[in-house]
Structure formats: structure tokens, C-alpha cells
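Per-chain numbering from 1; labels A, B, C and D assigned in written order.
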């Protein structure tokens, strides 16, 4: 899936930029729209410099109007463009939810017209006091709506490869970029074209004793937990990074659980009715015979995401909490 | 380009076709032969017909649920309409959606949804694409006066104005939003009063005069095509039936209905054509006979079509 | 919880009306706002006649503006009113989702102010071609957001009792009335004050062989399935009607599963990431030791809700599908 | 009621207190001693101070994130502000939220959230309650010119107009919405051009003139109290710092900053008071010393307060 694949080390943030840049270079139908994305380069500077290269017609600052951003991007997609709409923070998708879930997601089912639209949004908590309105992980909302694809890359290579796949997909794809990882995580990324197919999980670390299913920032935390357990406890954990939330890779998850017999599902969204409930329920139904222990969920609390670092830390699962859950599970 | 005599007769013909199709649909709905709820344009036919007729074939429409006439002008055949209303497998929505939610980009028709007025921002995006690609095409969208209370209206119209995209915004002010009169939807005299608030031209026309609607849309489309950005056109009309087929509309004062009945858009255009020597009783009789036959045949052809199969439910959620 | 409790048979629709009427009579702070609710009485005529009795100041027709309806109702609740906002169809809540999930739901957590607000919306499919935009069951969205309570009554008595409890609750409560049941279901309803506490499930039918957990229209369908199985198959099914989605009655569900060892979770929303995933995942985690078979989910499909009766029937679980699932489960 | 000399000095004092508190907060934020991001009203102080000062104690405010002065006028003490900014356990948000999201209905303050402009519809609802109960109270809400592009703005202002509720709508047009200038937010000259579109009075004032703001709000509040419904007040000002503390605001032209620096609202009011013989250097020195002491003490007192405990995260999701 990669050509000209000389590897360099890039940050997650650089990898997102590279995917966007290459897509803009390759396809004149691709354009960007969003708040403060041109001269300002976006609040996370993902599109810094783009307007100088591609011009104000392809890097469009919009008014503060999430509903119209998503609605208009949908319209442009209907007539041959490949819009990439940025929502400044995933939390503000609530303001444009109606067009996404009622209009955009249903068009192909209702009248057969593809809608090649990407909605990018920085998502997730930051371990840095972003508070209740700049920390949310709304993937479960979208997973409940047929017709939308959802990806949550957890590595620089996937940030590039999944975004590239999203841009080429004929369907609306929501890319929840992990702002926690933007500048914190570096890794090898192929230089040329790099496409990670939607819908395939990655075994981020193979292991025998238990499976952790995670995505986004929690895949990163799960790997840390797995390293701690390997070093300190002699527990060999397999980490399955879901990568794509819709459509999700049931087969890979069930295959891993069949190998290990034990599963922890970790996500940073609120526990109740989070996407981890879907994963856990599926394992419990279709992997029942393989299970040596209950499927455990570890997630954000059922509270707004608090601002103060003491409270935010109490809200979020971290590597220690994941390791503890795994220790308990392996001892079950 | 002024309207030719042929154009003027065409406008009349499309309104008559719209009325005939909707009368037939109303009867079918009353007999339980349609899927979902029926909303019609009775009394408002001049707006969709006049508006769509002012466009070029490669322009795009994003109509509202009463715009039968727009579909007919764009070339949607009556049999397609009935098939859609009956939820037939071969219809635009294949039974997955219903009502006038026909979509077909080959004919430049954006398929609407029920949520108001969600085609509006979509039309703005279509127009944005035309502008970015420097194509001399326009998008036209329509919505009720009640739908103009929504945030989606404001965001989309404002964005269209700021980006100066080639979109024509047609408000069909028919006096009622379901049971809610305009004075409980907005505190101004008219929707067109909002145009200055967006920095765009606004014009109010008699929505029961198909040639007036046509002229206003033609002018707005020409301006849009020339880079002049959006225009808000408010068409004053009256909803002559209930909101949908199940609404008896007791809340509408009799006098309001009577006053507007005297201003029927079909009769108005027929009289105007006759006064200009372009129409007579013979033509009228021939037209009505022709439409009756066309509609009857369409209903029968649609009814003969296959219903969806249960397994169809699974197909098409995603494009491949 | 009921006083003056002479019982009459009422339809679900009449029971909702009675709860609203009695609340309006009892408390001058209660008022109604929504689209077409006054002279028109609402699209389902739930408030027909209310404006004549209570006046236009307490039965307020609004513009078509779901965001402002919910935002304004929240404001009124902050200064001592007890607003009941009607959203014409639950599907249109998407247009007012932002204030609900970001503003209304977080106020008490953030600054300690109660928000006694009820949002009523007719929800669910109708087995009558209401189509993709008049059939949705959005409970999972709200369950994912801390700070909102959600109820979905399945009987006339609960329609009255849960709505009354919702009106008296100091928190925002979303009442998803089942439009399928409005005029289809009759049952005994206490005449006087009748409060069904939020958060308690009901064992709608006791049974030994398996548990069905359901809510809303599916509780109704589950009871039909249970009757079929009792009559035709000699299978004795326990039906747990969840009644309240947030907070939901984990204890009652787990207790039932402990008795039967088998569980089917039935809901009409889309299967993936529906609230049934939460119920199933919880049973699988906390009831693991009690389970003799996998927890099975039966739900609406992962497609928009189609209009044609043939397709709508294929979308929705019905009593036959529920019975089949139970037969398979009991045979596991 | 014209302003007394005391009132006029109070207006000046509140602006100076706002500036002192925000200067201190800016320094603390730079040192990493605050929780979350800091947004300030530098250069805009006249608006929140003048607006809030025109209200009665039982009126309700639903301010925006720059409205330090409104809080101070309503009686929020600097120590409360710093405690809130530090996320202390005893602060309004107890560390669960941050910034100026202070809420306290006892003092008539609706605690805002980050999503723009979600206090606006809430303020309309507060005003609706006042109207329904026939109480002579008003609600006042404020928002940036960028926030006026949102659907929430439109729905709420329109609903307020239709229902004629006693709400005062204060737009703080400070030239920038983060990096976006007004001409990319709207295609008219001013936000006040929208008032006629809603059928409500609109007035534009010099947002750097605290007495002008006060007068405009006092008039609007009086009208609202008398049953005259909402007023849209656009206050022209300039954001003199970055959008938040992390924004260097390179995109702002130097000349724009210079021009507005010459029109500092604090200096303007000081000169006006001096010209009227109501202020002199001695009073100025005393005031500045007093404010320095008050702010220093407040910072120290806030820092001495307890931080939240991890277990606090669980409390308060629901009211009991």
C-alpha cells in the first residue's frame, strides 16, 4: 500500500500534514475548509503554510458555522469535489451534527450518490486541562449512525495512511485526530504514497496472555501498559489497535481473543454507551466460547471531562489503570 | 432573454402537469396506495415551475418537499414520481425513502431530507464548487418561510454571502408553517427584509405569477453566473391544502383561502395566455386530455413496478 | 407512589396527556413550548386542548428552532420555571443537540445549579412507513453524555408515572415517547398522582428460562414474544422492561440474569453502538459467572430506517425474531 | 437616571480593576500557574463594565468569555476570579471547568460554556421566564461578532424578537474572531445591520466609551422592562491582545493596534473625569495602589486555597 516508501521519523502532526499536502498536490478536487485554517493554519497548525502553496480557493476560512461547513462540504462533494472540512475541536461537531447524521450519511442509501467527504477534527483529552468542551471523543455517536465511516489513528504512519484512505474513500469519513498525540508521538512514516485501508485493525504488539482492544490515545497508553507488564510482571499482552471505528475489524479482535482468552477494552470516551460497549458486547456474544474471563471495560468516567489536572487524571484511564486491569484479568 | 410564446405555454403546461400529478397522488394517498406522507404544492405551482424553468440544464436544484414542478421541469417523468411515491424498487429511493426526496445528480437534483432546511447549506456547497472551478453554473434551493427560522438557514445564507457563491435562494412564503403563521415565525413584515442583513440583494415577487417568478430567478441566476453572488427571492403564495394529506387545516381562516383561490396560478397564466391570443378552449381541452392520459398511464405503469425485496434493506449504506 | 389511585384504562397517549395536564394544574412553574403545540395540539395531538385551558403563556408555539427551544427552555429552568419542551420528532433533536449535550447537561456538574427541564419527543419507528427522518431512537447518544436522564416508557402507566417523575426531577430529562404505542396500547393507569421513580426497571413478566431486556416499543414486542413462547413452546421468558435508560437499573437486570442464566437484549435503534451494547457488555462483565450462554443482541439494522413497509419490517426486530432468538438461546 | 459623579468614577474603577485582574492573570498564566487557557478583555473593558453597571441586581447576565468586568460589577471578588482560574476546590467550578465560566444564579450569573454562543439562547429563556411571570427583570447576554455567524445566534435572536422577551443582546465587535476578520464572517458593514431583519431596534455604540455603552444598555434595558422586547447593541472595539494567551496574533496589522491603542477605554474615561473635575493624579495614585494591593492579596488568598481532590471528579453530575 506504500510506494516510494523511504521511511522517515515524523510526528503524528507532521504525518497528518503530509497526508493533506500530498492529497492537495495529487488531486485538484481536494480542498480544505474550516475556521482559521488559512493564514492562521488552524488552532493546531495542521494546515500552516497550506494557503501560501495552494491559495485561498483551496484553503478556505469559513465563518463560525459548523452546520454550514458540513452541509456545504457535502454539497461540494456531490458535484465532484473532495472537500476536507476541519471542525476546530471535535466537541463542536455537536453544532453540525444534524447535516452529518441526517443528510450526509443517508444520501448513498437513499439515492445512490457517493459523498466523498472528509471531516477532520482534533479530538480527545490532553492531560493538560482542556476541560469539558475541548476534550471529547464522540466516536460512539457516529458509530450509531449508519453511513459514516470513522477513523482514529494512533500512530504517525496510520495518521498519514488512514487520512489518505479517507480522502480517497467515496463515503463520508470522520477523522478524529488525537490531539494528545500530535506532537508527543513520533514514528516511521513512508515518504511517498501511503494508504492504510479502512476497516483493518493492527496488532500493535503481539502477546499471549490477554488482549487489549484500544484506539486513539488509548492504543498508545495500552502499549505503555503492555511494556510495563512485560518488564515488571512477565505478563505478555497483545494490543489490538482498532484504527477504524466504522467499519471495525471484528475478525481481528475475535481472532486475538481466541488466542488469548481474555480481553480488556479501553477507551477514553465516557464509559456508558461508549464504543467500547459495542466491542465488549460483540466479544461476549461471538467470542463467548473463547473467553476464560469476563470482558472488562476501562474507560473515561460518566462525568463531563474536568479541567483541573487532578480531576482530569482521575477521569482518564492511564497506563497504570490499564496494567492493573490486566493484572486482575490474568489472575481471574 | 424574454420568454417566447412557446415558453409561456410551457410554463402553463408544467403547472397543469404538476396539478394533475398531485391531484392523482392525493387521491392515491387517500386510498392508502402511497408509501409515507404526501405533501403537495397545490396553489404554489408557479414557484417551482417558474424557478426551475429559469435555469440551464447543468445548473443544480436543491428543492423542498412541495416542489413537484421543479422535478417535472428537470425532466422527471410522472411515472418516476408515482414510482417514488409508491416506494417501488425501481424508483429513485427504491423504497428506502419516500415523498419527493428524489435525487439524481445526472439531472442536477439534490435529494432532500425531511429536516428543515437541510438542502440549503448543501446548495451553497454545490455553488461553492462551481465558483472554485470557475464554471458558469448556479445552484438554486427553495425553502418555506418557517424553515427560515432555523440556524441552518442563517449559517448557510451568511456563508453564501461571505463567499459570494452562485446560489439562488427561493423562499416560498405560503402563509403557514404547518399550523404556525408568519408572525410567530418572525417579527418582520417579510422574509426578504433579511437580505440586507446578509448584504445580498433581495426581491419579493408574487409567487402566484409564474412569469414573475421566472423573471426574478432568471435575473438572480444571471447575476450569480456573472459572479454577483446569492440573491434571496421571497415568493408570496398560499398553501391551498393542509400541510400534508392528514392535516385538515382547520386553523386556516376561510377568508384567507377564498382570497387566494381567486388568484390560482394556473388560472392566472391561462387567462394571460388567452389575452395574448396564445391560448383558447380547444388547446385547453387538448392539454387536459393529454395530461389525464399521461397521468393515468404513469400511475398504471408505476403500480405495475416491482416492490422492494426484504433483502434490499441491506444494500447501499456505503458506496463501494 | 400513587395517590387517589382509582384505575382506569387509558391509552399510552391519554396517559401522557394526563401527566402533562396534572403537572400543569399542580405547578404554575410548569409550561410547554414547542412547534405547533398550541392551537394545533402537536403533531400527535398530545397537547390538544391545553392552550384553551392554560393559555398561550403556558402553551407556547415557537418558531422552527430546535436549538433555541432547548437553549431557551434551559434558561427558563435556571430561574425557577419547569419547562417542558416538545421536539416534534426525536429525529430533529440532532438540530438542538449542542445545547443539550454541552450546555444543559454540564451545568450542575460545573457550577451546581439544578436544571429541571423535560424534553419530550415522539420517537421510534411506526411500522407505518415514517421513513429515515421520523423513526429514529436516539437514546444511545444521550446515554453517552453524562448529566442527562433518559426515559422510554413502554406502558400507559409508565408513560404517566415516568413523565411525572421527569417533570419533578431537578435534572434535564429526555422523555422518548413511543409513537408506535400512542394509540395502539391501552392499560390501567392510576387516576390521581402517579410517580414511577426514575432508574428502576420493571419485571414486566416473570420467567425462568431466559431474560429479555428491552425498552420502549421493544418491551411491548418482547411481551408478545414471551406469550407466544409460553403458549407454543413451553418456554418461560422473563421480560425486564428497562423503562429508564439513564440511570439504568443494572441491579435488576443482573438479578434477572442470575436467575435465568440467559439474556437477549432487544432494541429498535441501530445495532452498532446502540444502548443495548451497554446492557450486553455490562451483563457480560458483571454477570459473567451467571451466564450459561452468550448474551445475544437483537436490534434495528445498521442502515437508515427505510420507508417501504417491506423494508421497514426487514429493518425492525419483531415478536417473531425475538421468539426465534430466544428459542436458539434456550437451546444453546 | 443620568450617571452621578460617583457612578462615573465607579465605571472607571471597575475598568481599572478588570485591567489589574487580567494583567495579573496574564502574568500567572505565563508562569503556568493557571488551569486551562486564558482569554482577556484587554481593550474591551468598557463594554462589560458599562453594560453590567446599567442593570439592576435582580437582572440576569449571561456573559461571554472576555467579560471580566461584568463579573466584577456583579460582585464577584478578585479572589473568586483567581480561585476559578486556578481551578481551586472552593471556586465556582471547583476545578471541573475553567476560565471565566463562573455561574451563580444567586448573583444572576449564567455560567457560560466554550461553545459559541450558547449563552445566548439561554438568556432568551431567562427573559422568557421573566415575561411569563410578569417580573420587571431583564436578561443581558454578550457575544463576539464572529459568534453571530452561528445558527444559535439566529434562532435565539429571532425567537426573542417573536416572543418579545426582555433581553439585551450585546455584540462585542472587536475586529477579529480568532484570526478571522469581520469581512469573512459577514458581508455587511456591521452586525447591527441585522436588527431590522429581526424586527428589533439596533444601535451601534463606541465600545471604548464606557458611558456610551452604559447609556445604550440602560435604554435597552428600560425598553425591555417596559415590554418593548429585545435590542441588539453592537459595541465597536478592538481586541488588544491575542485571542488567548497562546496566540501571538501576528495576523493583526500593527496600524490597527496603534490606532486603537490611542483610544484606550480606561484612559478615555480618566481624561473625561479629569476634564469634569472628578479625577486627579492623587486619586489615580491612590486607586492604583489600592487595586495593586487588592489584586496581590487576592492572588495570594487564591493560591492558598485547596486544590480539588481526585474523588471530586465523581460528584455533582446530577442534582439530588
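Couple of notes before you dig in:
Keep this in mind: contacts are C-beta pairs under 8 Å (C-beta built on N, C-alpha and C of every residue); 3 or more make two chains touch, one makes a residue touch a chain.
Keep in mind that what you see is a predicted model, and the values were worked out from it rather than measured.
Distances between chain centres, each the mean of the C-alpha atoms, put B farthest from chain A.
By residue number, more than half of the contact pairs of A-B reappear in one of the listed pairs A-D, B-C or C-D, namely C-D.
Centroid to centroid, with C-alpha atoms defining each point, chain C and chain D lie 41 Å apart. Chain B and chain C have Cα centroids separated by 37 Å.
Contact with two or more other chains is made by residues 62-63, 65-68, 91-92, 94-95, 98, 102, 106, 109-110, 132-133, 146-147, 301-304 of chain A. The set of chain B residues touching two or more other chains comprises 93, 96-97, 113-115, 149-152, 155, 158-159, 162, 184-186, 317.
Chain contact topology: the protein chains form a complete graph, every chain touching every other one. The residues of chain C lying in touch with chain D in their complex are 31, 57-58, 60, 62-63, 65-81, 83, 98-99, 102-103, 106-115, 146-147, 149, 170-171. Only residues 35-36, 87, 93, 95-99, 113-116, 146-147, 149-152, 177-180, 184-186, 251, 307-314, 317 of chain D touch chain A when the two sit together in their complex. Contacts from chain D toward chain C in the complex involve residues 60, 62, 92-93, 96-97, 101-105, 110-111, 113-115, 118-130, 132, 139, 151-152, 155-156, 158-159, 162-163, 316-320.
Contact residues on chain C toward chain B in their complex (touch as defined above): 35-36, 39-40, 43, 61-68, 91-92, 94-95, 129-134, 301-304, 306-311, 313-315. Within the complex formed with chain C, the residues of chain A that make contact are 91-92, 94-95, 97-98, 101-102, 105-106, 109-110, 132-133, 138, 140-141, 143-147, 246, 269-270, 272-278, 280-281, 283-286, 288, 291, 293-297, 301-304.
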